[in-house]
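See the structures that follow.
One chain, subunit A, links the two complexes that follow: it is found with subunit B in the first and with subunit C in the second.
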Partner chain A sequence: MTALHEATAPAAVPAERRPSASGARRAPERGPVAGVRRWVRGGGLSTLAFAIPLLIVFGIFSWSPIVQAMVMSFQKTNLITSQFVGFDNFAHVLADPLLGRAVLNTLYFAVLALVLGFPLPILLAVLMSEVRRGRGLYSALAYLPVVIPPVVAVLLWKFFFSASETGVFNTVLGWVGIPAQPWIQSAASAMPSLVLEATWAAAGGSIIIYLAALLGVPGELYDAAEVDGATIWRKIWHVTLPQLRGVIFIMLILQIIATAQIFLEPFLFTGGGPNNATVTVLLLIYRYAFQNSLGGDYGEATALSLMLAIVLAGLSFLYFKATERWSS
Partner chain B sequence: MAATATRATTDEPGERGILSAFDRRRSGVRMGLGVVHVVLFTGLVVAGLGPVLWLAKAAVTPTQDTLSEPFALFPNGLDLANLTAAWVEVEVGRYFLNTLLVAAGCWAVSLLVAATGGYLLSVLRPRYTRLIDGAILATLFIPAVVLLVPLYLTVVRPAIGPSLLNNYLAVWLPAAANAFNVLLVKRFFDNLPREVFEAARTDGAGPFRLFWSIVLPMSRPILAVVSVFAIVASLKDYLWPSLVLPAAEIQPLGVRLPAIASQTELDVFLAALAIATLVPIVLFLLFQRVFLRSAGLGGAVKG
Partner chain C sequence: MLAVTATFVALAGCTAGGGDGKLELRVATFPPGADAAAYEAFAAQEAQFEKLHPDIDVIGVEYEWTGPTFAAQLAGGSLPDVFTVPFTDAKTLLANGQLADVTEQMNALGYTDEFNPIILDAVTGDDGHVYGFPRQAYAMGLHYNRALFEQAGLDPDSPPTTWDEVRADAKAIAEATGKAGYAEMSTSNTGGWQLTAATTARGGRIQEGEGGDYTSTIDNDGTRAALQFLHDLRWEDDSMGDDFLLDWGSINQEFAAGNIGMYTSGSDVYTALVRDFGLDPDVYGLTVMPMDGADAGVLGGGDIAVVSPTVDDATKDAATTWIDWYYMQKLLNQDAAVQDAKTLADSGQAVGTPVLPVLDQATYEKSREWIADYINVPLDQMQGFFDGIFDQTPVGEPKGHTQEVYALLDPIVQAVLTDQNADIDALLAQADVDAQALLDGN
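Take a look at the complex of A and B:
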């Protein structure tokens, strides 16, 4: 974690430490040519060669778009011209009647995903770490859904969710006497269906992470608890869970950040329907920018993504602080 | 963390867990563990393997059978023609090749940027190291959603040169701007023994020689992890490639599949889905250990 510690005070490097000044500062000879010569002799060229891929890729495809996003949210932009419009984009987005719906839907998805999908991997990982024999097989089986490309998984589940009597899931329900469900066809059950698929697709990854964390719990802690006469349940409650606290917190924040940006499931399963029941914030951003019959409203789309990002950046910061604290 | 994650995937009885040797001898615990075994096994086979097996079966079953009896095993015989139809008529083969091209490019560029960048920030450490370090770290806090629109505009009308729309570079290069990969490699390089570098320098190795002959060979494990991250991410991505590769003939299979769905007969479409699943699963089975180790790393030290 040392690398990350050093970098917690970012970007505040004083100007005189920049490379352009370095040659001149040390050089007893004067003039720019001597400075350059000194810089080359000191390995400046090869250092630059190693810096170029990083600087180009991050400069063009990460740092510059981030700055652009801030500027664009205050502009009316089409592909040819841009015009400063102040807070108009934000005002328009906030006045969109669909926004409230999208925020509520996204929250609904996030909460359902937490209730359904968050405790399950912890439980499975604890069980898997205790059975010992077959652990490798179990991890591989649990991880298999993560390996399937998400688009394939969604399209396959779309077929599973068929509302007909002979749909895959409805057939299974029929075996235990439950009547056929409409799944993604009805506004009430669409979102829970999406959460079901998303949970299935993501659980394996979390299980592997919890397994790794469980194996990192020092055995002496359990020995000590046993000396004090702890039962299995008390060992879980007083040793295992407190030891996993850090990972659990990190996974919680990661999951919230991921679910707040949920896109693929609503886009491919339902397109936001039925009756806007699955329109999420990211789907709305996508519609502003790329599904607008009047041409992309890039300014409004960025304005909305910035608002979402501010909320998420707070979470990211918490996450960063947590990883820093628990992995040092 | 990497060491424990590797251990998680093997069956060797490592250090003790919650249950003590004494606990394991108690009959109640032993019965409980037996039940856990059965539940885990059936649950994981049904949820993990089930959909894959069903897809494999449906890929060679006629549409009518899949629709009317989804769980019957070939009531009216096999329909192997689905697979050839998917490959030839739907041109799955071509899109499949596109998928491989996209993944290979993402892998190569990501590895190049992460390895050279990590070397720059960890070993060469020029004066502006902290500045770049901070700027890279800062991007970890920016959710991907912010980049979507400005990145799209960057691709459509770059500052220099022609539009990158329908050019694989538009997928490869942004994929390499991954702060997590760079920091992961940098941290690994940070932990390599400096004495070896000093010895190599004394023997006259320059920065390139040091990078190629000393640092890279010592870093195979982390390069494998970054490779898995880059390839898996490229196989999983949908939204971005669908935006910057609008021309159907160059789209990877994952992007093409939703568009194919409406114009293809169900059995052929399911065969196409099965083919699309094949590569990731084969890769997973071949490199299971690296996959699971990477997954363990993903949460434990991300950031």
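Take a look at the complex of A and C:
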């Protein structure tokens, strides 16, 4: 505490600790009752009233399932009867030959999504921020895919991805002389196809966030750069991107976490096929829990979920540490 | 606030049930997506039953057997009191205590001994008790689109009888119409299911053994021939269209839309094709799967009406009363059979879909005679199936880890259909090892 703070401290004494207005001198209240009273007068009750619904909702719908899942990962259970099995579930999951394939597929998806899906929204946002008229229209158009329910979007794209020569994308390719592609019907092109759709579906949200951040960049910086004779690319490189780095950092870690949990696209487009080419970690978790029609192996599913959560938490921590200086 | 409270009270009244003293019985009806006429027919049947049993209030619940939701529904208490499960899963479910024991009720109804013993075995536990009523069985058949046959210059009244003919017809259809001449399911465990059927039809078996001691025999000549057949149609003839990730629902959808010339599936799928997928009955054709080899047989399956293990005794009695009335009496009793057929026919529902007998053959044939006037499925378009099915050897589905083994086979079917250079021998050898590990409990 600084000298200044010490000098002003008496003014900060709560009213109930000061001598009463009537002038009668009372000993300062002490003990737990006084503490509660102080807490109440300080607005503690209203704080609690606001917090309780949140705590209840989070407790029931988030924390309780997380704790139950952690318990379940050490059990063999069909949801009716349960039996403690120690680390058996973890051992079984780690011995599954499909796990390595699922991890590699997930990494492949994450890398492709990073290469294709990460720079695109930044680029589009920068271009849109340069537009003087109709920015609202462009924003709405960019955001439109986010508004479409994901399942509907996937079904639409399934139609676009038709491998026949009359399929939508293949027709377009045909106009420029490119032969029909198998898209999701081939192990080689299935994953890139999924990334294409996932990028389209998610880019709108990222563009809006980048656009908001871009509009917050002080105009004087650009003016100064312009006075110095900077080209548009030098302005982007030396002004825009450094100003966006905080947002870029957050978006990157969010994207890594999201891509590591990719499920919807492989589940709806390919069911993990062809020949396990699009089985991801989360799809494998789903299969453990639900593919066996006789009640599933919820223990193994939660064990793999837990391992994924730990890996992602560790990855996030390392990433934050590694980029601490850069992002601050 | 008062209105909200009143609503809660009213809802509580509903769920507590039977303000009028009736016992509420929640019974499975149809999968989501069934047409309105199906619900009309069900409402009529519900009224008929409640007239006979005024103390029971039947509540229809949309239901579709899906493995993913079953255990969660059971644990969450949202499973109907009466529902159906496939033969393949009955043994494990009853071993897990997930089905109610109905021995006493079935004995009281007096027809335990009339079931085909092989079929009754599927619902009998190690304790000798019975845990369900086998209600319908099917054999795998070859479904085909008569309109596409005609467009390809083929005679729809002479469907193929050998696999070579299937291949030739598929090629003709693909070349003449641009549609898939032949299609195969390959996802959600259906690839394994159909590969097993194709294997059986070529004299192979994917599993041997009884009573929990099973050996994987996936690496056999029948399965190899079945995969080679798919490979040739796909890569030499290009007669299988462009979608190789189909499952039961999507292949039915494509077939009903006129995009598939032929595919194999359960003989009873006609009802779903018309009711749930909007198939034009005029284009439908059904014949038996071609058999090839000395041990060739037709894969069969079916489903069982069962009672939730969580119900009390009174509800269990009501549940078996419903099962007897809704599912069984039409197989046993002329009046019930006629009433059921008439109700369904009046609502435009399929009557006479080809199934296999769960009781003895004579009773089955008699029941077909009872409802002859109401049969509205195009029997003449299914003649190939009726002519051949009783000459084929029925083979049950593999019993050890059935769905998991099917799941192992899905990627193999997909590999053959999407990779021209897929090494069938290597795929089979690996699947055999993986399946044996499953069967050994590793």
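Quick note on the criterion: the second predicted complex is superposed on the first by the 245 of 328 C-alpha atoms of A that agree within 3 Å, B and C clash if a C-alpha of one lies under 4 Å from a C-alpha of the other, contacts with A are read in each partner's own complex, and residues count from 1 in each chain.
In this text, a contact is a pair of C-beta atoms (placed from the backbone, for glycine too) under 8 Å apart; a residue touches a chain by one contact, two chains touch by 3 or more.
Here the structure is a predicted model, which means the values were calculated and not measured.
> Between subunit B and subunit C, which one contacts more residues of subunit A in the superposed model?
Larger number of subunit A residues touched: B.
> For A:Gly271, using the defined touch cut-off, is the partner it touches subunit B, subunit C, both, or neither? Pick first, second, both or neither.
second
> With the two structures laid over each other on chain A, which partner does A:Asn78 touch: subunit B (first), subunit C (second), both, or neither?
The answer is second: A:Asn78 touches subunit C but not subunit B.
> Based on the superposed arrangement, let me know which partner A:Met251 touches: subunit B (first), subunit C (second), both, or neither?
first
> What is the contact status of A:Gly167 with respect to subunit B (first) and subunit C (second): first, second, both, or neither?
both
> Answer with first, second, both or neither: which of subunit B and subunit C does A:Phe290 touch in the superposed model?
A:Phe290: touches subunit B and subunit C.
> Check whether A:Val40 is in contact with subunit B, with subunit C, with both or with neither, and answer first, second, both or neither.
A:Val40: touches no partner chain.
> Of the partners subunit B and subunit C, which touch A:Ile178 in the superposed model: first, second, both, neither?
Touch status of A:Ile178: no partner.
> Taking the superposition as given, does A:Trp200 touch the first partner, subunit B, the second, subunit C, both, or neither?
first
> Touching subunit B in one complex and subunit C in the other: list those residues of subunit A.
Touching subunit B in the first complex and subunit C in the second, residues 79, 164, 167, 289-290, 298 of subunit A appear in both lists.
> Any idea which subunit C residues touch subunit A in the complex?
65-72, 74-75, 89, 92-93, 96-98, 186-189, 241-245, 247, 403-404, 407, 410-412, 414-415, 417-419, 422, 434
> In their complex, what parts of subunit A are in touch with subunit C?
78-81, 97, 162-164, 167, 182, 184-187, 270-276, 287, 289-296, 298
> Please name which positions on subunit B make contact with subunit A in the complex.
Per the stated touch rule, the residues are 1, 4-5, 7-11, 13-20, 22-23, 29, 33, 36-37, 39-41, 44-45, 47-49, 51-52, 54-55, 67-71, 109, 112-113, 116-117, 119-122, 124, 126-128, 130-154, 156-159, 173-174, 176-177, 179, 182-183, 186-187, 190, 206-208, 211, 235-236, 238-239, 243, 254-255, 257-258, 261, 266, 270, 273, 276-277, 280-281, 283-284, 288, 291-292, 295-296, 298-303.
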